[in-house]
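For reference, chains read A, B, C, D and E in written order, and residue numbers begin at 1 within each chain.
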Amino acid sequence: GEKEKTIKVYTRDTTSGTRDGFFSTIGFSEAVTDNTVLADGYVEVDSNGGMITAVKNDEFAIGYISLTSLETANVKGLSFNGVKPTEANVLNGTYALTRNFNYIVGNDFTNQTEAEIVEAFLAFLTTSDAKSTIISEGGITEINNEDPSWNDIKADYPISNKDNSEITIKFGGSTSVEKIAKALSAEFSAKCGNFIFEHNHTGSGDAYKRTQGSEKSGTNALHIAFASRDFKDSEEATLGTSGKICIDAIVAIVNKINDLDNITEVTMKKIYDGTITKWGEIE
Amino acid sequence: MRRIKDFILNGITYVSSGIGIFILIAILVFIFRNGFGSLSMSLLTSDYYQTTYNTNIIDSTFYKLGDFEDPKIENSFFSETWGISLKNGNNVAGEKIVEINYVAVSSPFKSMNDVATGEKREIGKGYALSKIIMTNENDDFIMALAKDGAEEVVKKLEQATIITDMIASTGGGGIRGSLLTTLYLIILTLTLALPTGICAAIYLHEFSLNNRLTRFIRIMIDMTSGIPSIIFGLAGAVIFIPFMNGVINSNGGSIASGALTLTLILLPIIIKTTEEALKVIPVNYRSASLALGASKTQTIFKVVLPNAVSGILTATLLSIGRIIGESAALIYAVGTAIKDNVAINEKSTSLAVHIWSLMSGENPNFALASAIAIIIMIIVFILSISVKLISQRLNKIKVGN
Amino acid sequence: METVFNINNLNLFYGDNQVLKKMNLSIPKNKVTAFIGPSGCGKSTLLRCLNRMNDLIESCKITGDITYGNTNISEINPIELRTKVGMVFQNPNPFPMSIFDNVAYGPKCQGIKNKAALNEIVIEALKKSSLYDEVKDRLNANALGLSGGQQQRLCIARCIAMKPEVILMDEPTSALDPIATLKIEELLYNLKKDYTIVIVTHNMQQASRISDYTAFFLLGEIIEFNKTVDLFKNPQNKKTEDYITGRFG
Amino acid sequence: MPILLNWMDKLHKNKQFERKILTDNIVKNILFVVTILCASVIVFIVLFILLRGMSPFINGYEINGKIYTVDIFKFIFGTTWFKTPNLYGVGFIIVNTVYVVSLTLILAVPISVLTALFITRIAPDKVGKSISYIIELLASIPSIIYGLFGLGVITTVVKNLSNFFGYQSAGGISTLSSAIVLAIMIIPTITMIASTSIKAVSQDLINASLALGASPTQTNFKMVLKSARSGIFSGIILGVGRALGEATAISMVAGNSGNGPTFNFFDTTRTLTTTMLLGLKETTGLDYDIRFSVGIVLIVIIIGSNILLNFFNRKLEK
Amino acid sequence: METVFNINNLNLFYGDNQVLKKMNLSIPKNKVTAFIGPSGCGKSTLLRCLNRMNDLIESCKITGDITYGNTNISEINPIELRTKVGMVFQNPNPFPMSIFDNVAYGPKCQGIKNKAALNEIVIEALKKSSLYDEVKDRLNANALGLSGGQQQRLCIARCIAMKPEVILMDEPTSALDPIATLKIEELLYNLKKDYTIVIVTHNMQQASRISDYTAFFLLGEIIEFNKTVDLFKNPQNKKTEDYITGRFG
C-alpha cells in the first residue's frame, strides 16, 4: 500500500532563500545551488505558492515552506527532530530549521534627508512598534521589556517631525521578506513625515548588489533592502549598515493524508539526496 | 457491415465535437465554481492592497472607557472597555483577518489620532485590525495581533487603558489597479498599433506593386505572426525596457514598455484583418472616385476607409481580446508586481498577469484567480460576439455588392 | 470636323499580351461616338486610355500617343485630365453615401467647400441628368436605395457635376432593364449638345440609335470607323458586315 | 481681361493638381516607411534575441568572484538544465518539447479533424453553426485561463489516471497534462482551418463520389478528408507553432524537471517555454541572459518545424 | 423493345417551381438515348432522378414513379441503385488522388479489399475506357495531372469499374476540346454494346452522331421521343423542328 509509494521530493529553485536556509540547516549545503545532487524525480517549483499547490495535490510529496504560510496552506507541517514547528519553539531555540531575515541599507547617500530617514528607520527596527509589526506579518522575533517604543526615541530623530512627503525611499531585495517590509515601510512612513516608499523586490541576491554592491548607483539602486538568508562573505557590508530583523522558520510539509508527523535531520537529508526513496523506509 | 462501419465513423465525429462543447462547459463550471463567491462589485472597484492607518489614542483624559453595552452580535466578541465588537473573517484575498463589526456611539475608536496626519480618524465598522499595542494602568506592555484571533484580541483590549500604536486597514484584494492597467494597456497599445497597422495595410493593399519587395514584406509580416509571444516578451525586455527607462525615466518594466511590446504582437493581426476589410470593398468604388478627379489619397480617405470601418473595428476588438489575454509577453516586458496606483512609467499587472501573479505568489489564491478569470471570460465573450455580429454585417455588404 | 482626342499609332500591352494594335482614331467634338465589337477586342481598354485610368494597372504598357486638344495626354496631370474627361461604368456604382454627397463628391475633391455653391452644382447636375424630379425630396437618403436605372443616372450626374468636356461610358446600360435603358438613351441624346460622348456598347441597335460615329473593333484593331448611318448601311469591310448582321460575335 | 482671368484660373488649377500628385506621393512614401517598419519588427526581435542570447557563450560573467562563460556544445546537447555555476543544457529540453508537442498532436489532430468534418458535413446546419461558434469561443479564451483550468482540473484527472496505472505522478503535473492542455488550446485553431478547407471541397466531387455508390459517410472519410488534406495540414502547422510557443498555460502544469529527456507520460517535464518563464528571479547576469539563448533555440525550432512541415505539405499537395 | 427505366407521370418540383411536368418515357436497354432541349428545360434534372441524386436536394419533391427493371426506384436503396446506375458529369471531376485510387474508389467503397482483385478491376476499367495505354506507366500519379479529355475518360473508367448496367452522362464533352470530344464519342460507341447509356447534350450533331434514341425536352415536358434518325429527319412536332433547325434555343 502506501508504504510502497515513492517519496516525491519537491524543492524551490536555486535562487530561493528558503531553499538556502533549508538545505544549509539539514546539512546538505551541496544542494543549495545544485539540482544535480538531488534525488531522482525531484520537482522544482519556483515559489512558496507553487510548493503549497504541489504538495496539496500530491499525496506522496515532501517539500518545505516558510512557517508563515503553514496555517492557511492546508498541508501538514512536520516536527523537526521531534520539535513542533511553533513560534515558541523557534524562539526558545529548540526548533532548528530556521533562517534569518536580514536588512542592509546603503552606505553612502548624497542626499542628507534620505540618509537621516534611513538612519531613523534602523532605529525604528529596534522598537517594539516595528517588532510587533514584524510579528503580526509572520516574522518571528521577541519583544523585550527594555525595547523602546518609537515614542520614546523619536525625539532623537528630528527628521521624523519634518514633512518628508517629497522624499522617496526605495525598498527591495528578497521576495520572502516583501510582506514584512511593506508593513514596516507603511507604518514608518506615517511616523516619519510621510515619505514616499517604493518596493521592488527581486530576490535576496539583489539586496547587497543594489545597496552597496555593483548596482548601488544605477537606476536599480535601493535605500533599504532585505535578504531572506545570511549575507555571504562576498557581500560584506559596511559596519552598522546591516543586521537581522527576525527569524523565519522553515517547515517541512507533506500532504494532509500523510500519517508522518516527525522527521529527523538525517532522514531529511537522506530523502533529499535519494538514499531513502520509499515512504516505508522512514522509521 | 458497411452500415455498422458508417455508424461508428459518424459516431466518432459526434463524440469529437462533443469534446469541444464539454471542454467549454468544464472550463466555465470550473471557474464559476471557484470564483463566483469572490465576485462582487467591490472586487472591481477596490484596491488590491489595503489602506492602512497607523493610529493611537494616548491621552486618556479625553475619553471614557468601560461599560459599553454589548449589542450581542453573533460570532462576535465585544470589548466593554472600548465599545467595539470584533469578529474573525476573511478579506477579499482570502486571508484571515480580525474585523470590526460594531463601534459604540461614544467609543474612543470614533476619534483616534492618525499618526500620519495628526488629525482625528474614526476606525469604524469594516476595518481590519492587524496589530494593537497597548498599556494598562501599570504601564505594562500589551500586544494584540490579528493572527491570534478576535477573541484573544478582545481579551487583551479589555486589559488596556491606552492604545499606543494600532494598525487598522480597510479594503484590499480588489483588482481596480489591474483593471486600470489593462485599460491603459489597451488604450496605449491601440493608439500605437492601430494607426501603424492600418497604414501598413493601406500601403500593402492600395499602393504596393506586386513585386519582390512587396512579397518579401508580406513574408516578414507573416513570420512575425508566427513568433510566440514569450519571444516578444524577451525582446520587449531588452529593447523597450532600456528604451523607456531612458525616455520616460521608468525603472525597469513599465506599462509603456508593455504597450510597445504588445504593439509588435498586434501589428500582424491588425494588418491582416484590415487588409481583409479592404479587399471586400468593391474595386469600382475606387475607379469611380479616381475617374471623378479625386487623388488617390482622397479616394482612400473619403471612400475606402469609411467603408472599411467595420473591418477596422473587428481588428480593434480582436486586438483588445489579445491584449486582455496576453500574459507571457507581459510577464517579461512589464513584470508581475500588482499595483494600485497605476502609472504608465511603472510596473503593474494586467488582469491576466494578475492571475499569474496570484498563482505563483506566496499564497496561491484559486478563488480570486477564478473570479478574475470570470471577468476576463465575460469580456472576451462579449468581444467575440461583437466580432461575429460585425463580420456578419461585413458579409452582408459583400453579398450586397 | 473638330476633334477632341487624336489617337496615333497606339499600342497597348498587358504584360506580354498586346491588346491594342497600331490604333489610329480621332474622336469628334460634341458628338456621340460608339465603340462596338466582340468581347475582348479592346474597347474598354481604349476607353480607359482616354482618361488615363490604365495608369493604375501595373502591367499595362503603352506606346504611341493620344492628344487631348493639342496636348499629349501623358503631359497632362492625370487627375486634372480626369476632371475634364469623366467616366461612367458598366455597373452603376454610387458611393454608399447620400445622393447629395455622391454628386458633390467630385467638386468637394476639387476643394469647393462653399455650401451654396455645392448646392447649386448638385442641383444643376441632377437636373441635367434628368434625375432631379425623382430625388429632390430625398437628397440626403442613401444612394444605394435608388433603383438601378436611377443609380446609373446618378453616376452620370456625379460625372456632370465635374463640368467635364468629355464623358466616357463603358456599356452604361448593360446592367439595366429596357425601360431604364431607354431613359438613359434619352438622356444621352440631351447631353450631346454640351458634351463629347464616347460609349462602348454591345447592343448594335443602341449604337445605331444614339451614336453619330461608330468604330468597329476586332482583336485589338479598329477595322472601320465611320458615320454611324454609313457604317451600318454600307459597311466597307467584310468583317464589319459579318459582325453587324450577326454572323459572329 | 477674361483671357487673363482664364489663364490665372488655369495656373491655380494646375498648381492644385500638382499638389494632389505631391500629396499622393508623400502619403505613399509615409505609408511605405510605416510598412517597412512593420516588416522589420521581426528582424529587430531576432537580432536582439540573438545578440543577448549568444552572449553567455561569448562574454564572461562574474559569479562569486570568478569569470565564467557557457559551453555552447554542452548547452545544445546537455541533459541537465543547470548546475552551478555555468553549466546549462537544453538538449533534453528540446527532446521533451518535441515529445510533448507530438503527443499534443496525437490528441488534438483527430479530434479537430473529426469536429471539423462534423461541423461542415454531418451536423444539421444549425447545430454545425453553434458548434463552430463554441469552437471560436474556445479559441478566444486566454492561455492563462487554460493554465488555471489545467492546474485545477486536468492535473487531477491525470493524477487519477496515473494511479489507475499504478504509477505515481507528481500530483498530475506531467508530460500528459501538458499535452492535454496544449491539445485543448490548439483544437480550435486546427478545427477552424480544417473546416474552412473541408467546406472548400467542391460539391462536384461529392456528387461524383455519391454517384459511385459511396455512402455519405464513406464520401466524407474517403474522399472529402483526402481532398482537404492540404488545408488540414496547414491547420496542423499553425497548431504546431502555437503549441511550441505557448508558455503560460503549460508552465502551470509541466513541472520543471531538471534533467531528462523524459518520455513517461506521468513524469514531470520541462519545455523550452517553461524554462524561459519559470524561475525568473534574476534580472541581470548569466541566469537571465541564458533565457535568451533558450529563446534562440525556440525560434530556430519554430521556424525549422514550419519550413519542414510546409515542405511536407507541398509534397502532399502533389 | 426491352427497357431499363420506365418513367410514369413524373412531376418534379424545386420548392414551388415545377421543373418536370407529367413526364412519360422508357429508356431502351443497351442503347444510347440522348436528351436534347434548350437550357433550363429539365434534362439534367430528369437524369439526376434516374439514380436518385435528386434525393440530396432538400427542396426537391417528386410525384409519379420511375421503375428500374421491375422495381420502383424509391424502393431501391439509393446507394445500391447508384452502383448499378453510374453517372458522369459535365466537368471532369477526378478525385485528388492517384489514377489507380480514382478507379478503385467505387469497388473499395463496396468493400473489396483484395489487392489483386482491385488491380484487375482497375486495369479492365481503364482498358474499357481506352485510357489504359496512356496511363499504364503512371497509375500512381495524381489524376489531376491528366488532360481534360483524359480526366473525363478516367471518370468514365471510374464509373465502369463499378460494373454498372446504366451510365448517365450530363454533357460529358461540353468542357472538352474537339479532339478529346471525338475520343469520348468513339468510346461511347464501343461501350454501348455492354451498357445502357443516357446522355444529355447541347450539341445536336453529337446527338445525331452517337445516339440511337433521342428525347426532345421543352419547359419541363418531353415534346418528342423517337429513334434518332427519325427524329432528326422527320420531326413530328413543329417545336422539335424549330429547335433542331436552330430557329431557337
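FYI, contacts are C-beta pairs under 8 Å (C-beta built on N, C-alpha and C of every residue); 3 or more make two chains touch, one makes a residue touch a chain.
Since the model is a prediction, treat every value here as computed from it, not as a measurement.
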**Item:** Which of A-D and C-D has more C-beta contact pairs
**Value:** A-D
**Fill in**
If chain centres are mean C-alpha positions, then the most distant from subunit B is chain E
**subunit B and subunit E, separation of their C-alpha mean positions in angstrom** = 66
**Request:** Would you kindly tell me how far, in whole Å, the mean C-alpha position of subunit C lies from that of subunit B?
**Result:** 59
**Request:** Just give me the whole-number Å value for how far the CA centre of subunit A lies from that of subunit B.
**Result:** 29
**Message:** Between subunit D and subunit E, what distance separates the C-alpha centroids? Give it in angstrom.
**Reply:** 49
**Request:** Can you tell me which residues of subunit B touch two or more of the remaining chains?
**Result:** 2, 252, 295, 298, 359
**Request:** List, in ascending order, every residue of subunit D touching at least 2 other chains.
**Result:** 20-21, 151, 215, 218, 280, 283
**Contacting residues of subunit D [partner subunit B, same complex]** = 20-21, 23-24, 27-28, 30-32, 34-45, 48-49, 52, 110-112, 114-115, 117-119, 122-123, 131, 133-138, 140-149, 151-153, 184, 187-188, 191, 215-218, 220-221, 241-242, 244-248, 252, 273, 276-277, 280, 283, 291-292, 295, 298-299, 302-303, 306
**Message:** Touching residues of subunit D toward subunit A in the complex: what are they?
**Reply:** 64-65, 80-85, 151, 155-156, 159, 168-173, 255-259, 267-268, 278-284, 287
**Request:** Give every residue of subunit A touching subunit B within the complex, in rising order.
**Result:** 46-50, 52-53, 66, 69, 71-73, 128-129, 132-133, 135-136, 138, 143, 145, 149-151, 175-176, 179, 182-183, 186-187, 189-191, 194, 200, 219-220
**Request:** Would you mind writing out the residues of subunit B in touch with subunit C in their complex?
**Result:** 209-210, 282, 284-285, 287-295, 298, 302-303, 307, 400
**Prompt:** Quick one: in the complex, what on subunit C touches subunit D?
**Reply:** 77, 79-80, 110-111
